Amino acid sequence: MSTPCDSTLVALLHGPDQTGLVARVAGWIFERGGNILHADQHRDMQQGIFFQRVEWVPAADSTHGRANEFREFAAQLGMAVQVDSTTHRPKVAVFVSKLDHCFHDLVLRWKSGEYACDLVAVVSNHTDLAEAARGYGLAFHHIPVTAATKAEAEARQVELLRKEGVELVILARYMQVLSGDFLKNFGRPVINIHHSFLPAFAGGRPYHQAHERGVKLIGATAHYATAVLDDGPIIQQDVARVTHRHDVNDLVRKGRDLEKMVLAQAVRWHLESRVLVYGNKTVVFD
Amino acid sequence: MSTPCDSTLVALLHGPDQTGLVARVAGWIFERGGNILHADQHRDMQQGIFFQRVEWVPAADSTHGRANEFREFAAQLGMAVQVDSTTHRPKVAVFVSKLDHCFHDLVLRWKSGEYACDLVAVVSNHTDLAEAARGYGLAFHHIPVTAATKAEAEARQVELLRKEGVELVILARYMQVLSGDFLKNFGRPVINIHHSFLPAFAGGRPYHQAHERGVKLIGATAHYATAVLDDGPIIQQDVARVTHRHDVNDLVRKGRDLEKMVLAQAVRWHLESRVLVYGNKTVVFD
Amino acid sequence: MSTPCDSTLVALLHGPDQTGLVARVAGWIFERGGNILHADQHRDMQQGIFFQRVEWVPAADSTHGRANEFREFAAQLGMAVQVDSTTHRPKVAVFVSKLDHCFHDLVLRWKSGEYACDLVAVVSNHTDLAEAARGYGLAFHHIPVTAATKAEAEARQVELLRKEGVELVILARYMQVLSGDFLKNFGRPVINIHHSFLPAFAGGRPYHQAHERGVKLIGATAHYATAVLDDGPIIQQDVARVTHRHDVNDLVRKGRDLEKMVLAQAVRWHLESRVLVYGNKTVVFD
Amino acid sequence: MSTPCDSTLVALLHGPDQTGLVARVAGWIFERGGNILHADQHRDMQQGIFFQRVEWVPAADSTHGRANEFREFAAQLGMAVQVDSTTHRPKVAVFVSKLDHCFHDLVLRWKSGEYACDLVAVVSNHTDLAEAARGYGLAFHHIPVTAATKAEAEARQVELLRKEGVELVILARYMQVLSGDFLKNFGRPVINIHHSFLPAFAGGRPYHQAHERGVKLIGATAHYATAVLDDGPIIQQDVARVTHRHDVNDLVRKGRDLEKMVLAQAVRWHLESRVLVYGNKTVVFD
């Protein structure tokens, strides 16, 4: 899955299935001198929907223009489309509270070159991670949130995100629920990590719930945040085995590793334009 | 985990924790000339409960007497106890409907010597598996169940189980819910396989529910049946990865393998006296 | 990944990479009135090789002719190609010795409709499974093999396979090594299940080797047989966790489940034309 | 598996099996007023060896004396024994070269409280991680190693480890092979992480070897270092699935996560006195 250094375009398409779509998309690119690197299609036979991720090197330096042309072409086919250039590095903000394991994990992966993005802001309702963020050379913004000030705090958050041109928010164990207003006003994707295998144990204290129920596996779920708590489109999930020997603290410790891995993978897929959302589900072109 | 051929005793103990329990149990066995093969203990620190599985070779041929003596000893310690002899082969009945994958899997494992039990009856509300059961040399009992005849049918089932001396019922994708009356009247353990990762997707058509929700893992759960549907103590669970490429039929196919493996393991642990039930949870001494 | 009932064609292509391959293949199919159901491509950037699996519904009833036309087209592109029709049910022979777990597993999957093939022969160097095979209504052929008679026995096997028109041989824990001569004379794929995570523990008694080395995971590997023992292209592998509590017999028991699952998956992928072999490796279009 | 705050003793015992060992050990502790928290035994039936991990709270403040007494007791039983107090925090050194993922992971776990030890030194043959180590407040020691200076460099390393009282060395992707002399002179355990599923792909560039062979799973193995390269007792192993889509760089990236997880778990088990070494194998009392 290595990508070449040159600028390439990635399109995520979906819409009503029709004969010849693969040929038409490939033909369109070929006729304009482009070279397809990867093309992956899927058909939902039951619903009659066509999904495609296609990545190609356009001819010459016309990357920007080609992206717009392709959007028009897709619209003519009746397809919803998103086109990204691999040379564009999206601006990302990480929201944290007090727990630091996902935060360190994301930042270290970013520093090691795993993520083609710019981390432009760390936002928190607490100051616990201020020093750690600055130690990494990251801008830290303390925006306290109380029940009384939530609407105002969210307005400040959205203002900050807009000012910084943020295109993706990652909730790295941020312990506040974002309101529907925040999501609407921000208008960009927000990825959350929930510390259970959704839809089991939605809501608060999922490790306590899991211990109480006596499950033999605990899980973590990365999903896009929506206005309905823990109900957004699932991007990635994983589980780990537990036994009666593990008390709630052990579940929390084992869960930290799950959360890091699952969130890290979801973020990487999102940044590589591999996640297509439709309805309340995702198609991940891995 | 191989067991020797000689008769050994296995005790599953639990009760309020107190100092010296490990020493007392080991001392009691040692003083009567017994030799401990395996001893595994667990303490639930939060609830102050002590759990133990101990397996030993008693002196000479006094197996039966020793089991009764040990029960008295445990009662004096304030412990609930179950003592089994490894030479006792419990009688088992398998309940099936139309799906045959768990049925074949269990029977073939039994024939290959994985299970130290006697399969004395196959019970079904349909006749689809009659021929397969008889092909294996097993007694097949057709007891139809309708909404109107359910109570009567269950009474016939219980009568059959008692007559045959059945000590364990395995629901191998039996598509009827057993009533609380059945469970009370039978009075012995019933192991069920549910085709989801409980508590997610309890109830009917769990693969459809899972596909609808867009989960990235599907699961199966083996549990003891209780009067509350899909809520009994969990013995074993496992999951398999699915993607958008898998439609409901694929989930069903992948699920069959999960169901077989999870049920087979739960049954083996039960037959080896490795599963201790307390409250709505299990301790599995694997 | 369900396939529709109509006849479709599946092509597995590979050859030197060149600009526009995706478009040319899709265009060729589109121009002849075909509809692409699935198309999956891969580029090995380091070696400059293009791989593709494409499945389509050809126009009208010209399936056979289209397959031949496509072969010519692929040849002109410099591609090696295999084209199968999904309505063709390949004839398959299963080779067994004394162990029956993979045998029962394969036959039961076949009977339940998981495999679109015809099981036309069970071949064994022992008679242990003769009755089981006949119980399933399968033709059983006893061809004893000794060091002295091996060449002659293999000649009889090849003769039988040719007479029956066998297109795939599955070695379901067949305990004889097939010679290079057999493989050359048969000239069709042979899938073997090796009871270790290759390349670790190649050769005999791998569970004993694994126990001796003290590994924490045991594995199984399904691969195409070649003249070099346990060295052919790997199709599928999986592992299971073991601890010091498991003796060699436990490893053997756990291994049986691994072997069944891994072999079953490899056979399914092969029968669905999802496995492309190049050099000593496979590309599995899952 | 949580441990209480009070001082407890942990003994790891092994030796020739004999009747009554469990009772004698438990009795010895009970008679001296101790309370057993956990006791886990294992018998290797084939070799006739008894293994035990027992953790107990001794009476009053006699922890140190009790440990010595227990050592004498075990010697009388003909058992090899190691006794540790949970209040003792062993001194640990981490050896690194240029790769930093295992290094960051270990240090962050240590800082979060997962490891009850003192990280007293970071030793490297390069200076790449000097700044990162100092950023964490850790002492960094640059000891260059060339073929010509290896013996001398190792002597300096051993001198440093002795001066600091180091009881465990962790090789966190340290890219030098330690000589038998180093291991003998240091005389304490050394844990290494090898980036493959040993015994497959021992030696250099295992991900290249794995890619070349076309395996479907890659692995990582944490083991105690011995004078024979990649052949020491295995503590933990794990694997991750790879496909033809993953080139060597992807294997390296996925491998980093495996290496972190496997090494972290092996180190935790070692520090909790859960790993008993005998011959070239381990018993892990998890």
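Per-chain numbering from 1; labels A, B, C and D assigned in written order.
We take it that contacts are C-beta pairs under 8 Å (C-beta built on N, C-alpha and C of every residue); 3 or more make two chains touch, one makes a residue touch a chain.
Fair warning: this is a prediction, and the values are worked out from it, not measured in the lab.
*Asks:* To lay subunit B over its twin subunit C by CA atoms, how big a turn is needed, in degrees to the nearest 5?
*Replies:* Superposing subunit B on subunit C takes a rotation of 180 degrees, nearest 5.
*Asks:* Going by average Cα coordinates, which chain is farthest removed from subunit B?
*Replies:* That would be chain A.
*Asks:* Measuring centre to centre with CA averages, how many angstrom lie between subunit A and subunit C?
*Replies:* It comes to 37 Å between the two C-alpha centres.
*Asks:* Among all residues of subunit D, which ones touch two or more of the remaining chains?
*Replies:* 2, 42, 45, 245, 247, 286
*Asks:* Using the touch definition from the top, list the residues of subunit A that touch subunit C in their complex.
*Replies:* Touch residues, subunit A against subunit C: 2, 4, 19-24, 26-27, 29-30, 35-43, 45.
*Asks:* Which stretch or stretches of subunit C touch subunit B in the complex?
*Replies:* Touching subunit B from subunit C are residues 1-2, 100-101, 104, 108, 112, 114, 135, 245-247, 249-250, 253, 257, 261, 264.
*Asks:* Going by the contact rule set out above, which residues of subunit C touch subunit D in the complex?
*Replies:* Against subunit D, the touching part of subunit C is residues 42, 44-46, 51, 197-201, 213-217, 219, 233-239, 243-245, 247-248, 280-284, 286.
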